[in-house]
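Next up, some structures in structure tokens.
Both complexes shown next keep subunit A, but they swap its partner, so subunit B is in the first and subunit C is in the second.
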Partner chain A sequence: MKIKNKTLLLVAVAILFSCFATPVRAQEITPTVSDDEVNRVAQQLYCPVCENTPLDVCPTKACAQWRELIREKIALGWSDQQIKRYFAEQYGGQVLAVPPLQGLNWIVYVLPPLVVIGGIYLAITIVKRSRKSVIPEETDLVPSPPPASETVMEQIEKDLQKEERS
Partner chain B sequence: MIANIGFGLLVITLVTSLIAVITAVYGVTSKTRAMLETSRLAALSTFPLLSMSVAALLALLLSGKFEYVYVYQTTSLSMPVYLKIAALWGGQQGSLLFWCWLLSGFTFIVLIRKWKQDHDLLPWVIVVTNITLFFFMVLVLFFENPFLKYYILYNGEVITSLFQPFHAITAHPTDGSGLNPLLRHFGMVVHPPMLYLGFVGFIIPFAYAIAALIEGRTDDRWLKATRRWSLMAWLFLSLGLILGSRWAYDVLGWGGYWSWDPVEISAFMPWLTGTAYLHSMVMQDKRGLFKHWNVALIILTFCLVIFGTFLTRSGLFSSVHAFSESQIGPAFFIFIAVMFVASLGLLLYRWSSLSSNYQIKSFFSRESAFLYNNLLFLAIFAICLLGVIFPILSELFTGQQVTVGPQFYESAAGPLFALLLLLMGIVPLTAWSTSSARNLGKTVWKPALLSLVFPILAVVLSAKNWIAVIAIWLAALVICVTLYDYIRSIRLRAANHHEPLWKAFLTLTTRNRRRYGGYIIHLGVALMGMGIIGIEFFQTQTQAMLKQGESLDLSGYTITYRDLQITDTPDGRNVAKAEISISRDNQELKVVYPRIDYYYDSEQAVTIPGLRTTLADDLYIILVDWEPVTSEGATIKVFRNPLMNWFWIGSIVAVIGTLLALWPSTIRKSIAKEEA
Partner chain C sequence: MNHPVENQPSSTPEKRRFPWAVAIVTSVFTIGLLVVLGLWMKQSKVTSLEIGVNVPDFSVTTFDGETYTKSALEGKLILINFWSSWCSSCDEEGFALEEVWQEVKSSGDIVFLGVNYVDTEKDSIAFIEKYGLTYPNGPDLGSKISRIFKVQAVPETYIIGRDGTLAAIKIGAFESANEIRTLLQEAGQE
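Coming up: the complex of A and B.
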């Protein structure tokens, strides 16, 4: 019974202290870290609860609390990377705006350049193959005359005539 | 009673669409005229049937029959009539029914207008459109029925059912929960129908392409028959995307218009392939090139249209757009897979007969430029597809959830968009057939030199980001080249025909609408590009907690918080409205009222920004939070979005260009009249 009373007393004291401690800490931290500094980090993170909503613009109370958490971490001298790592450990990898460079995530970084390289290769191949099958006289790369004004007009007139025929 | 009629009509439509498919196939294979006529009538009748069913649902929505689940979930007594009408597509079940109605309507128009002209292709068009309609009708009837009703069982449990269960009584809620507050905006009222018109519109050219493949008509008849359809579908899809962007800008309080949300991208992907298709269509039309390519692109666009609907409806991705989840995902997946494999199989079967005799002769010819254009669109599409499906793949194979945010899309697709601008800039001056870099340089150098004024001006106005400066130059190149070529043609026409300039302009534009419609679209896109560059590279923002009378500064503007008023409105909202003054050099420019609307019925808050918009920049002000007791202090967030207005102006210009290109040719009309 005595032990139980002591425990209750300790819990009550702890609660009392925490009540005092929290506002003091908030008062110390709040003025030193601006909203802009908080948002700079928050916009690199996504709300862990509402899907596809960046943390800096999420209107929920939960996100407001997470922004306050960022404020505390910045005040403690944490870097952006440390804060992002902390959030990823706490709430999972989906809070990061881009997947971290690990495991299967490499695909996201490697595939786009490969797509571009593949596209360039395809373009060159198609044009080269197409040129090869042209009759030699026509493939002569003597530059055709520039589309001077007259030729532009001719082209337009041709288009118009074609339009009329079709 | 009305609901029973609506439901009964849905069942009849389902059966009718199946009859249309079976009789069309039988009619073509057995060459039975009566069967084909039956098929035509069956396909035609789906539209009036679905129209009546849609009317039944509308009647329920407008009369506030809250015992019906859909009516309860999407309307409330306090909603105005226009929102009750918009509720038709504001929820899952209604929007699927609306989708079916549009498809049947488009099929109806094609059959009425083209039956005699395209009698050999149209039975297969009926097959394709009605298979699609049948699939969506199955979804509507068996998974997402809009005519379900609430019932109270004898033990007090409330259930939803189509028919009255034994010993159950109908529940009569006095009010509904109302439409999602985020959707109560003009942009959102118009955005879904536009998007659906675009989505469904692309099904018609797809159906024609499949019909041509089945019939072995590998000439360009299918393409010519659906040219206007394709452009119209593209216009609606573009309008849907633009209106959605405006809605996001006005309602979501992000400070921007596009967030690379998976559902946004799912509507953007068919737009990308559709745009590539519109360009390569020109090549087949003018040079007989890209025949395989065109069929492949329209197949891809169709599959992406269904995929886009699937992403929004299946609940696979949760976002602000995916407003509810359902069990229809697997059915969608199977349908897309079957349609894709079958269409691709047909394309491969007809591959050899689709080859072209015409060749691309130079890397710098207009034909090559169109090829590069297509490859760029497809590369951007591939990047978007990767970004959308990667989170699913990651969760599937590693169990890890990841987010692929804007940074990925912007860094991967950004350079490709820049190359597209470059191509748009030079293509009007490239020559058909043979050409060389030197020739191209000779024709482009004048407008290119002129376009340098823009980036120089940007640097003078303290633009330091060299990527932004290059992007500005590329957008300016498009504007200068397009105007240069347009003006040159007008002057030549005026000189050759001894016409005044205005007449030459009108004659050129009206007689060659596709060409100059395209030019105007390019101008619009370049202006939109300016807006995108402004917000992407030069956006600034700040946020602070202000007491009454306090100010904050951003990019030369002073934003002063004056007052906050909190009121309850008769339509069930609690509105917290701040009064903010915007001034510059001690001169007040505007007073804006950013607010937060809290909807009691849905317990949801919507952030409405205060906006000061000019051609130079937008000031976008959000009320983030306020001191709840005294209302003396409020947290204000301010974005400065340079050149933003040009995005909206550009989009209007692009729409005008598309309408011009779509407008029927008066020449053809007069020829037809003469022939008649």
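Coming up: the complex of A and C.
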């Protein structure tokens, strides 16, 4: 009798718990994505409605929505590249912190190194030229001996005369 | 005895000439690139469209999957409203637009197009459902349409005349349905 009562009690408790239990949705079992993970992608994107503000620090409602969208995409297993590509397709390439190598964007990549290389080349050329004008040109001529002093010359003359006499 | 010092044949090194040709080509190339960059930036500089200009062709694919192309709608008045779910004044304006849309949609002479500006699809659809908007609404994929109209903020509304030129501009939210009716009337008369 006691066993039967216990069983009934357990069944009643189970029914009671099942009444309070809520169905678990697919979204709720998706892995939680931290703010750091969201910001890692967000800092590679720019707010489309404010001037020069990265998405990770942008305080507008639009940016908050975008960060949530990033969170959802990360939870779905999208890579950073996939998320960035999605944002560029949806909102245009101007939302990317680093512009893609398309159209006239290549100027941004090519011009600075070109100017730096050209500048270095010109600087080296100018320095070389200025050095040449300061240092006299080297020649293959044998250097002339330094002029002998008068006493030495006199001594040489005396020696020669002695030699002639002898 | 003379021991003259013989002069060795002097070999004077050739003076290296400054590479003017390289410098000129490099300078011209750099200046050219800067000019192109400047023109590009000038072109993309925000200046709103002027009334009377021919509006380039564009398409809006709605959240329901219908596509509206400007060229296919020629001969009709097209009202294009740029909005966002995050825009604080877009809700009141949405009500006013919906009110006027209910009045004009049966005529077939006027088309309303809601263009969702830099917004997420989930929030946009929630906004449309919340405010009961029934006129066609779609996202501005790649911000292509807002770039044509040089949209700076939302809401902004443009009316394209029957001849395909820009007939009216409203920057900011409409204050009432009457304001929309008046603007449509003026644009239709032109």
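The criterion applied here is as follows: the second predicted complex is superposed on the first by the 105 of 166 C-alpha atoms of A that agree within 3 Å, B and C clash if a C-alpha of one lies under 4 Å from a C-alpha of the other, contacts with A are read in each partner's own complex, and residues count from 1 in each chain.
FYI, contacts are C-beta pairs under 8 Å (C-beta built on N, C-alpha and C of every residue); 3 or more make two chains touch, one makes a residue touch a chain.
These numbers were taken from a predicted model, which means no experiment stands behind them.
Participant: Give one of first, second, both or neither to describe whether A:59 is in contact with subunit B, with subunit C, with both, or with none.
Facilitator: first
Participant: Touching A:39, do we find subunit B (first), subunit C (second), both, or neither?
Facilitator: first
Participant: Taking the superposition as given, does A:101 touch the first partner, subunit B, the second, subunit C, both, or neither?
Facilitator: neither
Participant: Who does A:90 touch here: subunit B (first), subunit C (second), both, or neither?
Facilitator: second
Participant: Determine, under the contact definition given at the top, whether A:115 touches first (subunit B), second (subunit C), both, or neither.
Facilitator: both
Participant: Who touches more of subunit A, subunit B or subunit C?
Facilitator: Of subunit B and subunit C, B contacts more residues of subunit A.
Participant: Report, in rising order, the residues of subunit A that make contact with subunit B in one complex and with subunit C in the other.
Facilitator: Residues 92, 94, 104, 107, 111, 115, 122, 139, 141, 144 of subunit A touch both subunit B and subunit C.
Participant: Quick one: which bits of subunit A touch subunit B in the complex? Just the residue numbers, please.
Facilitator: My answer: residues 34-36, 39, 46, 51-54, 57, 59, 64, 92-99, 103-105, 107-108, 111-112, 115-116, 119, 122-123, 126-127, 130-131, 133-134, 138-139, 141, 143-147, 149-153, 155-156, 159-160, 163-164, 166.
Participant: Can you list the residues on subunit C that touch subunit A in the complex?
Facilitator: Its residues touching subunit A are 5-13, 16, 18-19, 23, 26, 29-30, 33-34, 36-37, 40, 84-86, 118-120, 122-123, 139, 141-144, 147, 153.
Participant: Which residues of subunit A touch subunit C in the complex?
Facilitator: Subunit A reaches subunit C through residues 48-49, 60-62, 65-66, 68-69, 88-92, 94, 104, 107, 110-111, 114-115, 118, 122, 125, 128-129, 137, 139-142, 144.
Participant: Under the touch definition given earlier, write down the residues of subunit B that touch subunit A in their complex.
Facilitator: Interface residues on subunit B, with respect to subunit A: 224, 252-255, 259, 261-262, 317-320, 359-363, 368, 371-372, 375-376, 378-379, 382-383, 386-387, 390-391, 393-394, 397-398, 400-408, 412-413, 416, 429-436, 438-439, 442-443, 485, 488-489, 492-493, 496, 508, 511-512, 514-515, 541-545, 596, 605, 607, 625, 635, 637, 665, 667-668, 671.
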